[in-house]
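Multiple structures follow.
Look at the two complexes coming up: chain A is in both, with chain B in one and chain C in the other.
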Partner chain A sequence: MVPREMDAQRALELLHMTVFSQSVSPCGKYLAAGNNYGEIAIFSLSAALSSEAKEESKKPVVSFTAHDGPVYAMVSTERQLLSSGNGELRAWNWSDIVKKGCKEAWSRRPPYRSSLEVPEINSLQLNPKDNSILLAGGDCAVHAMDLESGTFTHEFRGHSDYVHCLALRDQSQECLSGSEDGTVRMWDLRTGAQVHLIEVHKYEECSRPQHGKWIRCLATDCDWMVCGGGPALTLWHLRSVTPTTVFPLPHCQQHVMFYQDLILSAGHSPAINHLQISGEVRAQIPCTPRSVHSLCVNEHSPEHKVLTAAGSSHKVDVFTNFSYRAFSLCFA
Partner chain B sequence: MSSDSSKKRKPKVIRTDGAPQESKRSRADPDQDVKYYSEEAEVELRDPSKDYELYKQTCQELQRLMAEIQDLKSKGSKDSAVAIEERRIQSCMHFMTLKKLNRLAHIRLKKGRDQTHEAKQKVDAYHLQLQNLLYEVMHLQKEITKCLEFKSKHEEIDLVSVDEFYKEAPPEISKPDVTLNEPHQQTLARLDWELEQRKRLAEKYKECLANKEKILKEIEVKKEYLSSLQPRLNSIMQASLPVQEYLFMPFDQAHKQYETARHLPPPLYVLFVQANAYGQACDKKLAVAIEGSVEEAKALYKPPEDSQDDESDSDAEEEQTTKRRRPTLGVQLDDKRKEMLKRHPLSVTIDLKCKDDSVLHLIFYYLMNLNVMTVKTKVTTATEMATPISAGDLLSPGSLLNCLYPGDHGKRTPNPANQFQFDKVGILTLSDYVTDLGHPYVWVQKLGGLHFPKDQPQHTVTADNSLSASHMEMTMKLLRMRLQSRLALHKQFASLEHGIVPVSSECQHLFPSKVVSRLVKWAALPYEDYLELSYTKDVVEAGLAEDTHLYYTALVERGTAKLQAAVVLNPGYSSMPPIFNLCLNWKGEKTNSNDDNIRAMESEVNVCYKELCGPKPGYQLLTNQLQRLCVVLDVYLETESHDTSVEGPKEFPQEKMCLRLVRGPNRMKPFKYNHPQGFFSHR
Partner chain C sequence: MGAVTDDEVIRKRLLIDGDGAGDDRRINLLVKSFIKWCNSGSQEEGYSQYQRMLSTLSQCEFSMGKTLLVYDMNLREMENYEKIYKDIENSIAAAHEKIAECKKQILQAKRIRKNRQEYDALAKVIQHHPDRHETLKQLEALGKELQHLSHIKENVEDKLELRRKQFHVLLSTIHELQQTLENDEKLSEAEESQETHMEAETKQ
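Now for the complex of A and B:
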């Protein structure tokens, strides 16, 4: 192909790029970002945050094609970067990635029941207590996989539509899943039984029929859970299963997380919302992506502690101070 | 001093007086007797100290006598006269002694002086001798240094090295027995050898000169012969013309063209030769010709006469104008501008014929003073075509060849040196004159072998054959592709304007058989209007929308849903895909900024354009993209989740077969059509 055609093709790809997932390396110096073309780009946070950072240091250190379809979710263990896309979970050694050698360490495929279409994996959740990983997506089920042996130990079935998101309750060995069918279900990880079923769209205070009933994001902090999507972003008390606070955000939220005493969320608007438990919107920080799919706080390295936001743009915004956008990392 | 000297002198005189006086006399006497009396001699004999004693005694005696006389006189007695007389005689005697002493003293003084003088003369003589000797020493030293500093001329001569000398020189000259031990002789010998060699070389030089002379004479003779040949050949040619015509062999015509080509300026000549060569070798449908007045071109190449004429002409003109009125500054500048932008009277035309008999005429000009080439274009189509309104710019000479290579707008002069020339005559940019002069595209310069480095403005540029040759094939291919793609677009636009998206049979498999959405409008869009659209911001920011591109707007409708599409058509179509930006008016305005699915639809036509190219070389890309746009709009509308809170049936019932309605974190709709099965899936 003529180079300029390649350039044009890449320019168009950049224009229509969506970054779905992010993960920080265990050392806290690198950020991996996966986009809708199946590429994973590794950015060096230490280089981009150093005082002599140039435009070049905001470009990926290395990028490689990880999946055929989009890279929907990524997590990092102590040694490996796990990524998931259409049907498969793949692992990459951080030690190789840092040396720019990107060879797949292993890949696993959950046991799917239908063969008509390869279901996607939308969410990954590490369970450090028994060294396993939870994955959920297009086949409406949550799978648990033992990281040591690579075998799938449990399958949690019950959702009637595909699963968007997962969250883990640390103390009680329970797992939450949010789905397109509008429900949040709580699973006992040891027995595999469904503990709770919350039909969020049936609660009038948070239901928004014009946006649909899908639950796109959820996060939990032991007794509390926050979830959103089609229904408004709502804080739930889990023990009593009651919505306590409905946050006044008009747009659909796609990612939510507890951070210190705040709740950070973002979605179909080019802004990151800082929310208080009381329901007050403390700040709305503008960002580049028109629609934010992923937020990530680097907790691994105190000197590189930043918030990164990715979404429907080839740029990944970096917030050193959480109250304004410092710069953007760009796909090249 | 005087008192001292008198004291010294006095005792000398006094000592001579007294007792030894007698003895001296007595001694002197015999001398006197023998030879002569000489006081001078006497002086030698006498002791000066004794003379001094004598002098003192005499003086005392005199004083005493004078005192006695005075006493006698004062007494005044009679017998005193005798006494006085006696005493007077005595004092006279004393006076005599004094006189003698005085003389002696004088003689001594004289003698002393003489001695001193003599001694002094001697010293002087010695001093003089010393001076002479010193001078001599100095002179000798100078001579010595002169000798030491002496440099011989031979030192400046580059001699062959010693080893070489012994190797090459004959023994009569080198004399190794003598010279080996004696550097002086050796040097002399080497100098001799040098002289010998130089003599030989001089000999050879003379020979060569003679030889050259001889050859020159031969050349002269041959030239004369050749020039006598020319008229004969001419007559033969003349005679052969009818035969050529009779046999349809256009040798002479080609020859004439080459003759004319000699008057082309270098860049046009390079272009002519290379294009001709390429045409003969690879491309039979390429015709090259030269147009313009040869006479004018010839006139240009007589610079001395011309310049004189010009000067006298301009002088005359000036006189005339001063008589009438001085031309205003503006008129002068205008003339200067015209002069600067002057074209060479000859131009090269290239006609590129396509398979369907449409022809692209290219006329290449050379701007003499700017040293750049320009091109004008014209298209003639095989069949008469109805011109769609929106196709206005497609075949216009101004934009047809825009960006043949990326970024080559042909508006600015590629020669950096021109900017300085423009500054002088007040031309801001060349773009104001481009319609008149033709476009100075960079590829045109390259075909003419002109290469302008970017950062050296004053570099002299000469026409380079290899540069032209290396770009010829690529450029001709691009030109032909450009023309064909434009002609294809031209045809497509005609049907697009009537709301028909032409899909060829080869591309039918890309789309489902039933497409409900319809194209209702296709129109050109001014660049400024495109920039103002809210949903095109991303494309503009990414630098994918430039003023050289062509802009269109399309409207696709299905029921109450209206999909606006702004289209950027890159001049490099179809190798560069058109870019679509969408804005859906249905239940509110939806664009890529507030709906991920609209963004996915854009991506479906923009990024995944490769599968839409159709049969090579992909001239159906635009129409296929439009058709896909209709399809994805159908999918979007049919799969939109039904708002349960609103009463009534869905406006768009789902007719398409889909595996899943939504998928993935961004809740994508299934936009991908799978051909043989006919269902839609996610990408």
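Now for the complex of A and C:
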């Protein structure tokens, strides 16, 4: 743990902090949040949601420096927390973290083309069917790593610019990747071949040339996919590869997810949008960060089922009823 | 032993005293007046004292009866409250179950709504495309036209071939005739020149 001696320096750091990623522990009681200084802070959701919560319950239980660079993506398996930063994937045991002992269990680097480049890993996606993890890298490729052996099995090359986001279709074992070059590509995980290519910015309904063609966020739900970024947030039907609904949101969206019958999305505006598949904006809930990078719903524990939102602020908002902000957890 | 029973006695007396100081005093007075009446001699005083004692006694009996009734009432109230308490507990449990049912129903309804919206979204896209029957009909009509036109083309081509052949025959016949005429001319010229040559020879 880095000693916090200078309060002024820490206050300055807090002002400029951006939280990029979040992940919930497998038991559902803890939330891990990773920021741009490479620190991961663990908050106790059960303490913060209980009826006798005080100010200290909203501060981290434990916080440690995980990477040299920003922690861009985090994901939790049944026993470990996997975090990725500049070029590396590190694993931490949840049981150790909860007891405040933060030593990494293992760390891996995907095979990069040249040893000079240190591309960042923008997104992680777990594939529980064959116990592997997919990494979206700044080297324009998606790597697949087997969690048991630690070997990198596949490398999906095809994008011409770095890959921002990943989504997995479990039924058909395919993965979708969205990248800066404006395309969404679908890869077959067993053969390693590219199945589909969707150039989102070429479709008139959703392209917004004033923002660019980069695809920042993806989410998929069997036959449907929603993607956004530079082009407007659009719902696609994957079988026929047609855009069905374009959502009328003016800002670029940075994170999107399917939740029950709604689509939750957030981006460059300080609000979380609740959208319906028919295209109407059902609600826009205000939140603290001016620009939201990550949304997380705690599905692991029914008593602590909350939505947490994090972005360019040192506070992580917690929504107990998804329609209003209950309170915020704060980095110390 | 004596101290214990004393404490008990004091406790009991305090408890009773809190209820109604009049009762306890009345019993003490009764006992004292009874002793006085036993010790007194004269008849009228004794009789009036006897009457007074009887009235005090009936007053004591009355208050005791009242206390017994109150006790009964309290017991029945307790029973009533127990019953109400149980009823409320049951209804709380039922309400919990109903809440769980309703939550399940909400999830189901949300799923249905989602499916409907997905259907609507796809339907909107499909509506943009023209009707399948019409397109099929158009295709059929176009096919028929194509067939018809290719028929005509075949016919015209056949006719063209026929005419070409006829012209060919005609032209070749003309050429032959021309050739024959030329040949005839040449022959006749040759004959004439031979004749003149023979004439010139015979003249000499």
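Here, the second predicted complex is superposed on the first by the 325 of 332 C-alpha atoms of A that agree within 3 Å, B and C clash if a C-alpha of one lies under 4 Å from a C-alpha of the other, contacts with A are read in each partner's own complex, and residues count from 1 in each chain.
FYI, contacts are C-beta pairs under 8 Å (C-beta built on N, C-alpha and C of every residue); 3 or more make two chains touch, one makes a residue touch a chain.
Keep in mind that what you see is a predicted model, and the values were worked out from it rather than measured.
Overlaying the two complexes via chain A leaves chain B and chain C side by side, clear of any clash.
In the superposed pair of complexes, A:G28 makes contact with neither chain B nor chain C.
By the touch criterion defined above, A:G138 lies against chain B but remains apart from chain C after alignment on the C-alpha atoms of chain A.
Contact with neither chain B nor chain C is seen for A:G182 once the two complexes are overlaid on the shared chain.
Draw one line from the C-alpha centre of chain A to that of chain B and another to that of chain C; the angle between them is 100°, to the nearest 10. Once chain A of one complex is fitted onto chain A of the other, the partner contacts of A:H164 are limited to chain B, with no touch recorded for chain C. After superposition on the shared chain, chain A has more residues touched by B, the comparison being chain B against chain C. Of the two partner chains, chain C is the only one touched by A:H237; chain B is not.
When both complexes are overlaid on chain A, the residue A:R290 reaches chain B alone and has no touch with chain C. Taken over all C-alpha pairs, chain B and chain C come no nearer than 27 Å in the superposed arrangement.
Interface residues of chain C, counted against chain A in their complex, comprise 107, 110-111, 113-114, 117-118, 120-122, 124-125.
If you check the complex, the residues on chain A that touch chain B are 2, 4-5, 8-9, 11-16, 18, 20, 69-70, 72, 116-117, 120, 122, 138, 162, 164, 180, 209-210, 212, 214, 216, 254, 268, 270, 290-291, 293, 312. Within the complex, the chain B residues that touch chain A are 406, 538-539, 542-544, 570, 572, 575-577, 579, 592-594, 596, 599, 602-603, 606-607, 609, 641, 643-645, 659-660, 662-667, 681, 683. Considering their complex, residues 223-224, 235, 237, 240, 242, 244-245, 260-261, 276-279 of chain A touch chain C.
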